[in-house]
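Presented sequentially are two complexes of chain A, the first with chain B as partner and the second with chain C.
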Partner chain A sequence: MIRRILNAYSIEWTKQSRQMFTFVGPAFVVLLVLLTPLQYPLHHDAANDYGFIAYALPMSLNFFGFLMLLVYSASLVATELSTGTIRTLLVRPLRRSEFLAAKMLIGMTYALMLSFAASATVWALAFFLGDLNGIEYGGELIYSNEEMLQTFLIAMLLNLLTQFAGVAWGLLFSTLTRSAATAIGLAVGSWLLLDFLKHPLNIAPFLFSSYLEQTWTVFADRCAAFETSFFPDAYYGIAASTGAAVVCFSLALFVLARRNLGS
Partner chain B sequence: MASCIRLEHLSKSFGSTLAVNDFSLEIEQGEVFGLLGPNGAGKSTTFYMMCGLLRPTSGRISIFGKDLHTNFLEISARMGVLVERPSFYDYLTVAKNLRLFAKLAEKEVTIDRTLDLVGMLHVSDQKVGTLSTGMRQRLGLALAFLTEPELLILDEPANGLDVEQTQEVVRLLRRLADGANVTIVLSSHMMEEVEALCDRIAIMNEGRLVTCEETEALISYDKTRLEVLMDTPETAARRLVQEDWVQSVEVKRGRLLVHLHEPNPHQLNTFLIGAGYQMSGIIPRRRTLQEFFLKALNK
Partner chain C sequence: MISALICVVIGAVVFVEKEMDAIVVGRPNPLTGQPSLNYRHADFDQDGLADILLPDRVLLQRAGEFPAALSVPLPLPLDKPEYDVFDNKLYLRTGDRLEIHRLNGMTWERILGQNIAWPDLLPDENEPPGEMDAEKTHGTLGRYLYDLSGNGVPEIVVPAIEGLHVYANEGRGYTAKHVIDVYPSPKVIFPERTLVWPPEARAITFPPTRLRFRLFLDGNSITVISRSAGLGSLIRRHTSSWLFDVERGYLPRDGGLAASVTAPIPAYLQPCRLNADSTPDFAGVRTYISENSLVPEQIQELVLTTDGGKTLQSFRSKSFQTLCVFVDFDGDGDLDAVVESTGLYKGGLREFLTRSLSERTLPHTIAIHLQDAQGRFSKTPDLLKKLSIKLAQPPFRDGPLFTEYQNGGLVNITGDLNGDRKRDLVVRTHPDRLSIYLNENLAFPKAPSRTLDIAPDARFGVADVDGDALSDIIIYREASLEAGTSRHTIVHFSRRTAP
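After this line comes the complex of A and B, so read on.
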């Protein structure tokens, strides 16, 4: 089963890497990061530019990056349904669950691409155009560069988990309709609607997308020399994101397994 | 001969529409089997169920002696499928498309040889999006043949092909059936192609099996429709039309065509000789598959 999923994933990778659309998202978040110094200037002096990282990364990844991720994942199955290529694939030795797992993996790869593109750009800008000297307060080193990098990596991992839940969210809508445009509209629209209603409805703690911002809060606080911890909020984030990913993927599988692929 | 496909009381409904209704069929190993029927007869639905794209509402499908649903991976690895209007990744080349789908088969395949088989080697580096409908259909066939399957399920294999290409496909399929003992199940609107290729034919209508016969039996000679080879067909026609055992008489391009009520060429022979006509022969007309098809559907 693992071998078949990896084969299907390799097919996905070959396909996606030959489509311009795949690179539009990462290019877009890189562009946003590159434009951030206009809003949040970098200064090549004694001042610290971790604040730039804490500002630029959530700004590029949490809204625009996540939006691109939803667009991408919502089109993954719907495009195959609308073109009919899903039939060409599924008459071969490949289960629908394996096909969907490969789609999930390629969506996760896309999330990694977005995060890597944004992170690499933001760190490169901060490193070459600014200064990264650890976080000091009153002349005392509060967080060293290593500790800040560690904090960044934890924040990024937690953020990725939330993004993976976003991939499953997009995939669910992708299996519901044969039109990629409709699937994208439903995935993005429902996300925006839930995000808008999460506080009035008191569902924010249970909604995976609430933790997109949350993951960067600790990093931002440490940039400001506050002593904060990822926990216990990270536990809620992990639970909400994993739960959403499992539920959405299972529902997508349920829908796809019952889908009429005959015409 | 061993059974390759066994469909038992297969039914498929979409909402209140019953597309396939209690359809049972057995296809033997090495057989070339044709499934015919008008549009909406349930052929494609049956094909989609046979290749696992649709799950029957009720009934059972066994292929190679195993239940399709529980042994899908094993069975699908041994079969090649051409669905109606095959779809590919238009932005990839012909060879790349085949290479991609071959990955799932986990078998050694020779792309060039398969493309050569369907006459597409010269376009192997061309993007699929630039191909004509006929070429795409041939690529679909190449994909079905790619893993050298034991069973080929082909839905409308001649779709979009011209006469010459259709003949090529017929020859190729016949060669596969004869040489490699491949079982072929196909549906087509082109009666000549089915007639030339299939050992046995089933006709479906409104989701049900109307008839299933050996092709030779279906298109056997019709002894009620006779062609008389003679010099004076017009005068003989005038005499014959008055006989009550003759249903109709026609002279077409100098040939006398007689339609009898009963299959009795001997009676016609005796009558014409008795009337003093010189004949060089009486030939029973060959019934075409199309005629049989229309008759089976009561049209």
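After this line comes the complex of A and C, so read on.
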């Protein structure tokens, strides 16, 4: 089963990599990071520029990047449904669940691409145009470079988990409709709607999207020499993201398994 | 005035509600937790209960009440006087006269009246003369009586331009004693540039001088704190103390001089007394906007030193302005640090936006850092109280309650409501509700000990109004009128037992 999923993933990725749309998101994310110094100038002036990383990443990755991720993952199955290519794909020895798992992996790869592109660019800018020293406060070293890198990696990993939940969210809407545009609209629209209603409905702690930037705020706080911890909020974030990913993927599986793939 | 109406029992505390529009309680001093008040306490009728001295009258207390019939107008000479009180006697100082009155029944009996030529007062940059002063029909409450000699008869101390003028009463009224020059040397302010052209613009001007210092009178000691340039933007604070020598005509006692200079400290650190030791303490709060976040997070930084600037301690939090940063939380006589933080910024920019647009409940945290016997404040909080503050509107609407929250007016930890010397917490958790958390063994209960109703457009303060050593809760509403501001105040008097 895993081999079939990996084969399907490999074929799908080859197909996706030939489409320009796949690289539009990462390109825009990189562009956004490259433009950030206009707003947050970088100089070789011994002033610490970890703050630039904390400033640029959430904006590019969790604002624009997450929107692109939803658009991308919402179109993954819907395009196959609308063109009917899903029927030819499933002629192969491939179950619908395996097909959906491969699509999920494609979405996760896309999330990794976005994160890697944004991170590599932001670190390169901070390294070459600014100064990355340990975080000091009152003449005392609070966080060394190694600790900051470690914080960044933890923040990135936790953030990826939330983004994977976003992929599952997009996939769910992708299986609900044959139209890619409708799927994208539903995925993005429902995300925005829930975000607006979650506080009045008191459901904010249970929504994965509430934790999208949470980990970066810890990184930003440490850049300002605040002694903060990822936990316990990270626990809630992990639980909400994992729960959302499992529920959305299961629902998508349920919908796709019962869908009539005929025209 | 409507008399007492409602009595509510909360554990060991009882609240008795009473309308008292004359009472004004302002914001506390952030470094001491002491609220600014428009009244003073004295037992004018000698019945053992504190009466309230207002700028225009005295409210006499009877059995915990302030009946309207027992309101005595203050003696008002032609010139608007500055009132002070000592040993339950009322002192009036006008432009050229001093009078002392005591209350006899419901009338004032003058026991001294004399003419005195007062010196020109030293301008106080902290209290500029108000434009409305000329329109006031009553005097003001001042503080000029100090018992420097310790004989039970107060001296009058007037800070004037040339020094401190001391007037003593040696049986036949007050007479001027020495002018005590304890002020630091004034500094010359050199003009930044002088014009040499055109020729008619050339002029030699005498550079102005500036004198900035703080003067504290405590018992028979006098302390003067001034500043000088330190390193870069840092400054040094110079502290000089003297003892008054009564036998030498109140001149500072020879050899009684104590002087100290701090290490360079930030200019915003102000002198204060955080503990009982003789070393001057300095503390201050600065706020700035974080540069590391997309959200314009306001950071509040409390910096303090209890050892003359040798070591600085700081506490930072994401917070709007807070009401006070020091209170004697545990009742040991030393002030403890209060660090509040808002949850409005939690979760990054998108969460901040959605919360600002749609959330009415704001998470708020209060951390208490106790001061130990060495004058050090604990690095980690000794108490952490998490609160939820519900606003009438989401923050984006910028309603009056959110403005009040930003000004620190929804959380008050300055009062001791049940008289155990430990600070209790009063929070406006809802637009129409005050939640009271009594300090129980240096911890606040999870649920409020008691709640009080508050009108949505009202504000509140905490102060001891009736002088029984229990803090009371003052709820007031202000309305702007063409002729000024009208104020309606309800005082919730704390009582240990039900009346």
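Observations
Just so we're on the same page, the second predicted complex is superposed on the first by the 263 of 263 C-alpha atoms of A that agree within 3 Å, B and C clash if a C-alpha of one lies under 4 Å from a C-alpha of the other, contacts with A are read in each partner's own complex, and residues count from 1 in each chain.
One rule holds for everything that comes next: contacts are C-beta pairs under 8 Å (C-beta built on N, C-alpha and C of every residue); 3 or more make two chains touch, one makes a residue touch a chain.
Computed from a prediction, not measured in an experiment: that's the story for all the values here.
Partners chain B and chain C fit side by side in the overlay (superposition on chain A).
Contact with neither chain B nor chain C is seen for A:H43 once the two complexes are overlaid on the shared chain.
Once the two complexes are overlaid on the shared chain, A:T88 sits against chain B while remaining clear of chain C.
Residue contacts after overlaying the shared chain place A:E213 against chain C, while chain B stays out of touching range.
When the shared chain is aligned, chain C comes close enough to touch A:D195, but chain B does not. When both complexes are overlaid on chain A, the residue A:R18 reaches chain B alone and has no touch with chain C.
Aligning the two complexes via chain A yields an angle of 150° at the C-alpha centre of chain A, spanning the centres of chain B and chain C, rounded to a multiple of 10. Judged by the touch definition given at the top, the superposed model places A:A54 against chain C, while chain B stays out of reach. Once both structures are overlaid on their shared chain A, chain B and chain C have a minimum Cα-Cα separation of 37 Å. Note: no residue of chain A belongs to the chain B contact set and to the chain C contact set alike, using the contact criterion stated above.
Across the complex, chain C is touched by residues 40, 50-51, 54-55, 58-59, 62-63, 138, 195-200, 204, 210-214, 216-217, 220-221, 223-224, 226 of chain A.
Residues 3-4, 7-8, 10-11, 14-15, 18-19, 83-85, 87-95, 260-263 of chain A touch chain B in their complex.
Of all residues in chain B, only 14, 44-45, 48, 51-54, 72-74, 76-77, 81, 83, 85-92, 96, 100-101, 103-106, 143 touch chain A in the complex they form. By the touch criterion stated above, chain C contacts chain A in their complex at residues 290-294, 299, 312, 314, 316, 345-351, 354-355, 357-361.
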